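Shown below is the structure under consideration.
We call the chains A, B, C, D, E and F, going by the order they appear; numbering starts again at 1 in every chain.
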Amino acid sequence: MSLPRSDGRAALALRPIHFVRQFTCHAEGSVLVEFGRTRVLCTASVEERVPPHRKGTGKGWVTAEYSMLPRSTHTRSEREVKRGRPQGRTEEIQRLIGRSLRSVFDFAALGERQIVLDCDVLQADGGTRTAAITGAAVAAWDACTWLQQRGRLAQNPMRELVAAVSVGLLRDETLLDLAYEEDSSCDCDMNVVGTASGGLVEVQGTAEGEPFQRRQLDALVDAAQVGIAELIGLQKRALGLE
Amino acid sequence: MSLPRSDGRAALALRPIHFVRQFTCHAEGSVLVEFGRTRVLCTASVEERVPPHRKGTGKGWVTAEYSMLPRSTHTRSEREVKRGRPQGRTEEIQRLIGRSLRSVFDFAALGERQIVLDCDVLQADGGTRTAAITGAAVAAWDACTWLQQRGRLAQNPMRELVAAVSVGLLRDETLLDLAYEEDSSCDCDMNVVGTASGGLVEVQGTAEGEPFQRRQLDALVDAAQVGIAELIGLQKRALGLE
Amino acid sequence: MSLPRSDGRAALALRPIHFVRQFTCHAEGSVLVEFGRTRVLCTASVEERVPPHRKGTGKGWVTAEYSMLPRSTHTRSEREVKRGRPQGRTEEIQRLIGRSLRSVFDFAALGERQIVLDCDVLQADGGTRTAAITGAAVAAWDACTWLQQRGRLAQNPMRELVAAVSVGLLRDETLLDLAYEEDSSCDCDMNVVGTASGGLVEVQGTAEGEPFQRRQLDALVDAAQVGIAELIGLQKRALGLE
Amino acid sequence: MSLPRSDGRAALALRPIHFVRQFTCHAEGSVLVEFGRTRVLCTASVEERVPPHRKGTGKGWVTAEYSMLPRSTHTRSEREVKRGRPQGRTEEIQRLIGRSLRSVFDFAALGERQIVLDCDVLQADGGTRTAAITGAAVAAWDACTWLQQRGRLAQNPMRELVAAVSVGLLRDETLLDLAYEEDSSCDCDMNVVGTASGGLVEVQGTAEGEPFQRRQLDALVDAAQVGIAELIGLQKRALGLE
Amino acid sequence: MSLPRSDGRAALALRPIHFVRQFTCHAEGSVLVEFGRTRVLCTASVEERVPPHRKGTGKGWVTAEYSMLPRSTHTRSEREVKRGRPQGRTEEIQRLIGRSLRSVFDFAALGERQIVLDCDVLQADGGTRTAAITGAAVAAWDACTWLQQRGRLAQNPMRELVAAVSVGLLRDETLLDLAYEEDSSCDCDMNVVGTASGGLVEVQGTAEGEPFQRRQLDALVDAAQVGIAELIGLQKRALGLE
Amino acid sequence: MSLPRSDGRAALALRPIHFVRQFTCHAEGSVLVEFGRTRVLCTASVEERVPPHRKGTGKGWVTAEYSMLPRSTHTRSEREVKRGRPQGRTEEIQRLIGRSLRSVFDFAALGERQIVLDCDVLQADGGTRTAAITGAAVAAWDACTWLQQRGRLAQNPMRELVAAVSVGLLRDETLLDLAYEEDSSCDCDMNVVGTASGGLVEVQGTAEGEPFQRRQLDALVDAAQVGIAELIGLQKRALGLE
């Protein structure tokens, strides 16, 4: 039997999720996404140029950058620019966000242009990478709509929405959408990215301390798939798609 | 006779100014400041350590960092971490913010601790450095109150409030608090930092194109001093000091 | 029914695997591991110091670095030192190797010392990260034996061996231990790290192009677990443990 | 009543000023400027290319770089190349020198070429940035003459000369052209850049410690304007223009 | 009279020298060279592009890079990428290797293409730079043969072979081909690069501690020339040229 | 028979050599050295600290840095700080200067302090490294005298003077002290460093294009030794030692 969590949630419940569209005024898509106290500003910028490997192919590209404001966390972190380069963790997360978003794009339909997704964490309480993917998908959708409204695209190059959630094992119980405190005490931390049609894009599970068992892996993926379906429903509502 | 400005303001009127305190939850002071469409998140972080030149002196320190989110501007700018270091403009601005705030601190009263002011521009429309100084002063005040409330300080180490505003010359007319479009077309751009008691902390005037005349310099400083007094009134109201 | 692969292997067969111990003379553990044409030199260096977060805890640490020689690949790659920093991919791999090896260490038994695992790819043909983990485990075991033989450790601080293998989906068929050509044409690429006792340490699956389905995920993990068990048998034989 | 200064100067007297033209042989303009013990080598290099934002515009550009030799100061400073990048102070100064010189150039008359001003401090005793601007103006003038003598320019693209001086407040007295010791003890430090025709190009005043008052600002600018006029007279004499 | 050395060699004897050609499979030339326990992997990569200063000249280029694996040495060295740039020693060595190889190339015969020589030290015991030059010459020869076999070159652009050896003074005795221990205790360390036809390409002698005398310089060069002739014989045998 | 050189010198004549001591005022030794048109400012800074490998040994250290001002050369070179690090050539030269000066120091007599030699090229016309060594020796001597005069050293820790000169082969003729034009056209370029007592410290000869012969090497060293003896006479005269 499952005990309530520190914020009273059930083991398989998401935190309160909010999307604030048009949070800033310059970007073609601009979404503040909240997973509980985690708040990430996701902007989608349309650029009429592509990286070298796409030039002359007629196909577009989607890339992502991720950063945390220095005091988004409990104690202040040094800005990465002071070390002269992003940390390994940052690069790993922005590669993940980029791959996740690219998985739902039809690049021929996008045409030879690029969408840059900037995910800047204003406030962190666990799950910043999954919030970033989930918010970036909404911002990217808005940018695609912006292109269609200006007649620069005939159809939406995003085939479907994509969302992400974390799951973890705490004393053999599966928890959905971990807050920071929970994440720190879990035996296994997994991030799963999935699409509206039920496909899986990324599964990244890591043992913290002890290795985990195959049946635990299966239970974690089950829980994540339920959470992703719920998040995609919330994305659609925010976008007025249903 | 003075013509109205693009947003209908009088030549010597500020844009709408707002301060949202406790905008994020982790920092000891956290203020979203708005000068019209310019929005800067200013956090004040208390650290119980000081830079080497202060160690063992019993005196504290205040320092500032400044950054613009990549899509805070009309077209996306590259993150500074990608170039490996802050641009000259960024370092110049964060040095200015730091000096401005230090001018109103009693470092012996602060004791051997440091307040770090992070000014991150979420949305830019001119005057980001003056908004940052003005917002950082409110965030720093909140951090000092936080220290007093926890009994870690007997009195407020900030002697008074400090604020900043830009002024410019457009076809020989003095304009207060320039928006981005105005800033680009001005013949002279000046930033002035001043205190609640009427003192001047920084005066930085730069001719754009043609040199300016002494009588124009005097008129610009006159206008800035009026604007600073008004901003300090608004800071006090936001802090509940009057 | 499964067709033979370009090198004639069955879908669920490993490439020829070899471990050459004491490949170089200075390191406490030095193993050249071969997964087919992929050859990685893994050295384990014992250092009598630990990173700051371990100082005074009585516990040790294990960390890893990974690099590819410029002409280990089909066309020459620029040295990372020329760009001034490791690529994101490199940091991601060395973090993975480090976490994988740490999962089988008893750090109290290791004592306050560090083992650094250097994995340098001499020749690449797919699966360099999984070969690196599998070879580094043998090198680490040799370094632990070296410490025991000199009386600096009473028991082996490695609780068990750890190994890694890649799996992929090619036209809905599950393939084990992908060579470079196969890796490039797969629809899904997964790396799995597991231990001698059957535990899972890392599961990292990424859709290349199309998302994958849950039943495919399950089949991939099944195949990987068989491959890991076989690799651990080969590690034990190389170490003379059975 | 004003007391003499450590070197016996009156409060509003400049230090001895010297310009040595053709100090080195390769540059189109090469001037060693001395403000007392402060000695800066200013070279002007003509380059037949412009930065990207000028290409195809028919207009030229002027830019500046500034550096201090490691032992130009009382105690040796580390070379900036060892830290990998210029300090904030250096970038701030070279931006100031560049803006100051650009204010007196007619870029259409210069044509699509660039003048690079290198200001290297051989010996420092306060006021290195004002000496650099004042010396760079003479070096730039020589480079323009060089272009005219070779028939590559029909007229001098410098509309007039520009010079700079520091002023400061010491116990409410205004001092002109501060030496290092004076600079350190002043309550307010201001650098003013002005032109031969009496225009102002830059006014940068900074409170050191206590804020300053408006009447003090006015007195500082008065003193600076007198000093600038005197410096421009000395530049003209050095160039044989009067 | 000369005493035997720590490994029993005569004062003017080389260590055992081996060349393993085709050590890795991707490079056009790939040679593992051994000078005793010193082992360097030298690969020669043919690139159909040249550096800017060769573009459009019809002439090719040869360049070299050098690196030591972190645990090629007795105690582990930090990777250079962690410092962000090669050490001075590394750049000095790779410049030496490049110059040495270029001295025997006919660049018009090579045509507008580049050969990149990567020299990676797998195991170090003194003389890594001389081993690198000697091995790189064999790898370059193989790459030139590869070009001829594919009909991309009519003749071998290498005019002759080049090799290098170290010599040193130990208590006034001349020693050939120093191992690491000997190198550390020598009073003078010299590296000499020479060609098959007896020409000298580089002579680099450095006093360690005491200056050396002219007659000692002459003896050192004598010994080196004998060693180089012997090395070139071994290169030819390895290449099947005699 | 030897033809006069472009400046009328005989093949084995030095250029006019000058030493200006106390060229700047802050450094303990400050010498402007001129080899013809080559002018290098050499400062010697005494620091009461040593690098880590000297701490607690009672012995001192000598190190050198070298840089060229951007317009010391015929066409302007980019500052190294803009690339973020010194070029390979720079590091090679400063290592050479450091080794050369260390060869004449008694580090126990110097005590646990460091002398830093900064060699900044104001004007370049070939032979900057040899001028730098020759000038740095005079600056170091002045710094040692400064230490003795203040009673911080009982005796001079420099055992003797050291100087350097370049030699080259032009159409089989040996030339001493090459100017830039000569250096560019020589077939072989050699730098030799030697001491007052006739010892050799460094011999670095490089074939430019064709390898050189042993008899040519011998003639070059002969010429260099004559030049070094002459330079040491000039150093002594400048220092008032004879």
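One rule holds in what follows: a residue touches a chain if its C-beta (ideal position, glycine included) is under 8 Å from a C-beta of that chain, and two chains touch if they have at least 3 such contacts.
All of these numbers come straight from a predicted model, not from anything done at the bench.
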| item | value |
| --- | --- |
| Set of chains adjacent to subunit D and to subunit F | none |
| Subunit F reached from subunit B - shortest hop count over touching chains | 2 |
| Furthest chain, CA centroid comparison against subunit A | F |
| Angular offset of subunit B relative to subunit C [C-alpha, multiple of 5 degrees] | 120 |
| Subunit A-subunit B separation of Cα centroids, rounded to whole Å | 33 |
| Geometric centre distance via CA averages, subunit D-subunit A, whole Å | 52 |
| Intercentroid distance (Cα basis), subunit D paired with subunit C, Å | 60 |
| Subunit D: positions in contact with at least two other chains | 84-86 |
| Round-the-ring chain order [start: subunit A; next: subunit B] | A, B, D, F, E, C |
| Complex contacts: residues of subunit E adjacent to subunit C | 24-27, 30, 37, 39, 41, 43, 45, 47, 65, 67, 69-74, 76, 79-81, 84-86, 116, 118, 120, 122-124 |
| Residues of subunit C that touch subunit A when the two form their complex | 84-86, 88-89, 91-92, 94-95, 99, 103, 190, 194-195, 197-207, 209-214, 217-218, 221, 225 |
